[in-house]
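To keep things simple, chains are lettered A, B, C, D and E as they appear, and every chain counts its residues starting from 1.
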Amino acid sequence: MIWDWAFAASIVPSLLDGLWVTVQVTLVGTAIALLLGLGVAVVRYSRVPLLGKLFDFFVLFVRGTPLLVQAYFAFYVLPNVGVQFSPLVTGIIVIGINYSAYTAEVYRAGIQSVPAGQWEASTALSLSAVQRWRFVVLPQAVRDVIPALGNYVVQMFKDSAILSAITVFELLSHATSIGSGSYRYLEPLTIAGLLFLAVSLPAAKLIKRLELRLAHPR
Amino acid sequence: MSQILPFLPLLLNGLLITLALTAVGVVITVLVAFAAGLCRMSRRRWLSWPAGVFIEIFRGTSMLVQLFWLFFALPFFGVQLVPFAAAVLALGLNEGAYGAEIVRGAITALPRGQREGAIALSLTPYQRMRYVILPQAIPAMIPPFGNVFVDLLKNTSLVSLVTVADLTFRAQMVRATTGATTAVFGTILVLYFVAAYALSVGMGRLERRMDPGRPELRPTLLQRLFRPGGVVGS
Amino acid sequence: SFTQPGGGQPGSTLDQIKARGSARIAIANEPPYTQIKPDGTVTGAEPDVVAAVLKRMGIPSIEGVVTPYESMIPGLNANRWDIIAAGLFMKQSRCGQILYSEPEIVSTESFAVPAGNPKNLTSVASVKADPAVKVAVLPGGFEDGALKTQNVPAAQIVNIPDGRSGIEAVLAGRADAFFLPTLSLNSLKADGIDITPAIQDVQQTGSGAGFRKTDQDLVNAYDEQLRALKASPEFDEILSRWGFSADAARGVTRDQLCAVAG
Amino acid sequence: MISFSGVGKSFGDNHVLRELDLDVAAGEKVSIIGPSGSGKTTILRLLMTLEEPDGGLVEVDGEPLWDRRGGAAADTRGQAAARRKIGMVFQHFNLFPHMTVLNNVALAPVQVLGMSREDAEHRAVDLLQMVGLQKHLGHKPGQLSGGQQQRVAIARALAMRPKVMLFDEVTSALDPELIGEVLAVIRDLAHTTAMTMLLVTHEMRFAAEISDRVLMFDSGAVIESGPPSKIFENPQHERTQRFLKAVLERK
Amino acid sequence: MISFSGVGKSFGDNHVLRELDLDVAAGEKVSIIGPSGSGKTTILRLLMTLEEPDGGLVEVDGEPLWDRRGGAAADTRGQAAARRKIGMVFQHFNLFPHMTVLNNVALAPVQVLGMSREDAEHRAVDLLQMVGLQKHLGHKPGQLSGGQQQRVAIARALAMRPKVMLFDEVTSALDPELIGEVLAVIRDLAHTTAMTMLLVTHEMRFAAEISDRVLMFDSGAVIESGPPSKIFENPQHERTQRFLKAVLERK
């Protein structure tokens, strides 16, 4: 009953299919998280009257509740009010929005680290609010926080396994599905774990390198 | 909402399990974090290397995979943990791996002179840790550990996927029975949020308690090291 | 020993549950097969039969563990529970992995469809005929296997995590039909949903209690008391309470049901 | 060109400006001197709309920049036009570190004045040549010395064709040997252009050389004002005498 | 009391000490001077076991502290005993910021020497009185001036009753007006105790006043050594002359 190599080899292709879905979820989710988080951060930082407060609560609430329960909520409740997506799309949107609350905080740190003199010089040059964000503040703010954002991308990659609970057919779902067909969990779960490592370890190393590069330019 | 009222005791029972998982998980997390973090910093390879592997594995894979693995695969190696134990172990090992980096970071962030000052007084490595390093490093660890604990609380929801009857698990059960999907998930979202909020408020309190009147003291010490000679009035 | 499932504890499962006076059973919370009551106790057709048999064996209580169908056999082998009592239908592949008791429940399969059955789905063949039709199943469930053995393309199969979600999937248009035992669908029935008559082109099937392969002694002891129970009116009383036919269960054997393809 | 009337400004309890009246004619070069904390920077920051006055009226070229007479809420709609006539050079340069020198100078002309990229770059090159940095067009500010950075900052402000230039201690963050190159550029501007200039500085000799008028500030008020010859050689006010003595001794 | 023979130490390609031989007699007060990077601090750090030599032998009071003759691996078992005879005061004090002044001084006597808490505190109070800080027993280091902190650091080192005291530029992180109070304490120690003292310093006048011997260091070797009168008034080596000239001019 212990490890069966032939069986292990036979399930790798299917697990790789699952890994590919996981990667897709991560990529699209990342795009949502990076853009939405940026918007949330800018609105909060600009103290836009009502919206700013709303986003404050959004960040607090999303960070205070489990991704799994958020996914359940979106998956089971939203269709009742007429919002209807496939599990995959639902999952991507949920994880993207969830992580936007985290990236918003990262961006905020980046924005705060831009010296006041940069804002003042922009005023002295009569740049409009939009121009100021676009040409002066964000390029500097974002550059500093790229490694921190990268860490959240890796984190999202791992967390996307949670979406298996709403039947997104990603890596872990492939593993349990193999388990249900073959009645063995040992090999699929172990290989799934190794596949997660195979992506996230090099990614983390890459981010470390980037961090050092940005800290000591040239 | 009225549909789920008869099931409220069931949900509250689940909440209790969730809080118990969090409490035990916090203890394991802290123990694992210190053990792995300190070993990782050791100069002895046979300590630092395994700690490094542990940290990389548990930070590099999905918490859910770890949970499934401990629950369904570990028994084949002769280790049969009851579901609650498997759950808190997965939570504690996973969050502990993150905590290990916090421990290491807080200790390495201390000025080198502190260690050297202690060596110059002939303190043993244990005494250095106990009287000089940790008393300064631990207050610095509290805010990041607060984040880890909130993470832990949220991750307890995952144990519902391996039959531990926590809040989320009970919610799924009540939902399957009553079909009151919105009310059930709305209720537990609020419950989780309140619990997480209370936890972070508690950690904030602890931070202030551990560090009475210190906020301006530590930075000035650092400043002093880089811009020496300044007199700090009080 | 190390390689044996549940290697931690000594003695056979039979000895252990006798000593504890309680057995852990895997259930799915899918009425009428299995159900959890608000007070947390376990009931349903199969757990009630299992409880009655165990009582006759001198084991007074059961302890239910809710788990997805796909995890039931891996979890049984990982010693997460002692008996599967979830209406896990017998078929060739499962009978190869675990031991079953003699049949306890026999049932039929139906589709839950939108009211009026707009796509006129009455058989597996009618699903295969229209590639646009999507059928929701519980992954790892009997119906999932039945569709797969009849080569229904994977693209037509929608996985949902539990029975309630299946009904919601049909109501929301995420699936055109939800494939489940007739009686289960009846207990889930909601406005806007019709339940089709029994589907004819899947084999009739049924379930018994499931055991680890190493627990032959437990199965033997169990079957002995099950035979006694099935001979008594108590069996009729339990099955009719949940809408099943006791005579149908008496009319089939384990070997027949284990021959079902899939 | 610039007029302050009855302008007040406080930070909390700290009354930095009190009922300030001040007029600067078009083309005039005015130096502002005075002890630290006397409100010199605050005046420039009000003109640059980096601070809001608590009361009074500030006009630029006949247009109101701040109108808070009687403490009324300021109407900021016309502000942008008035502000566009003003350029400012900061003590710490405040160049945009992620852009090349050329882009630092060309950004605002393209974005704010709507010049074509080509025209703006041409003009930027001319200005950078004027401040002696034609060789560094493609460099990032971090690769330049402080004196070079400050000269880029001057070129950047000039690129907006301001009618008024504000200089706030533009040499005090520089190493002594780099101060000369920056002052030379400003001197050049003062002697060859008709721009109105307001200059906060501690370089007394330089102030004497280029200014039409020197204002001595203390505690948010002009306590003495006049041509450099009068202020530096024959100060009337005891505070001015004391201040000049201290500054000159420090050298 | 202290003896280096054939001691070498490199950091990567940087050969900081080369075959250094050096003896310091019991009770001797030795000042070490020399240009930056010449290896002065490294000598003290080797004695304090904060660095490990690459080769050679270091002995303290007849006991080996480092024995790496022939490049053999060091046997660190006896080290603790030899090290316990040495106290060190650092340039940046390195006080423990989370403890009161009293606890800073009493910690090691209790933990290392096994003194009772009471005895250790009594002794700490005496020492702090000696360095003029009896009023600050309950303060945290952050509440003290740099000069006061350095005096606490001296008391802390003395509390271990060392036979050898090492001082590494203990005044160079201090504001000029605080230097005097620290030097006064060290002068007192030098004149009233029989402790062996090794002092790295740039305070030439002070070194001349308290030392029995001055060592001039360059590139990891002693290039000149002798009584202060000889080194400061009549240096032989050209490098020493140049170094002293530069240091004295800087003042």
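To be clear about the criterion, a residue touches a chain if its C-beta (ideal position, glycine included) is under 8 Å from a C-beta of that chain, and two chains touch if they have at least 3 such contacts.
Here's who's who by UniProt: A, B = Polar amino acid transport system permease protein; D, E = Amino acid ABC transporter ATP-binding protein, PAAT family.
In this text, all values refer to a predicted model and were calculated from it rather than measured experimentally.
By the document's definition of touch, common neighbours of chain C and chain E comprise B.
The minimum number of touch steps linking chain B to chain D comes to 2. Distances between chain centres, each the mean of the C-alpha atoms, put E farthest from chain A.
The greater number of contacting C-beta pairs, out of the two interfaces A-B and A-D, is seen for A-B.
Ranked by how far their CA centres sit from the centre of chain B, the chains are topped by D.
Between the CA-based centres of chain A and chain C the separation comes to 38 Å, rounded to the whole angstrom. The geometric centre of chain A is 54 Å away from that of chain E, both derived from CA atoms. Annotation for chain E: no residues touch 2 or more other chains. Residue positions of chain A touching 2 or more other chains, listed in rising order: 1-2, 76, 80, 165, 176, 179, 185. For chain B, residues touching at least two other chains, in rising order: 72-73, 76-77, 172, 175, 181.
All chain pairs that touch, listed by label, are A-B, A-C, A-D, B-C, B-E. Note for the complex: chain B touches chain A at residues 56-57, 59-66, 68-69, 72-73, 76-77, 150, 154-158, 160-161, 168, 171-172, 175, 181-182, 185-186, 188-189, 192-193, 196-197, 200.
Remark: chain B residues 111, 113-114, 116-124, 127, 131-132, 135-136, 216-218, 220-221, 224-225, 228-232, 234 touch chain E in the complex. By the touch criterion given at the top, residues 1-2, 60-61, 63-70, 72-73, 76-77, 80, 158-162, 164-165, 172, 175-176, 179, 185-186, 189-190, 192-193, 196-197, 200-201, 204 of chain A touch chain B in their complex. Chain C contributes residues 3-5, 69-71, 73-74, 77-78, 93-94, 97-98, 139-140, 158-161, 165, 168, 171-174 to its touches with chain A in the complex.
Interface of chain C with chain B (complex): residues 1-9, 29-30, 35-36, 38-40, 65-67, 71, 74-75, 78-80, 162-164, 168, 190.
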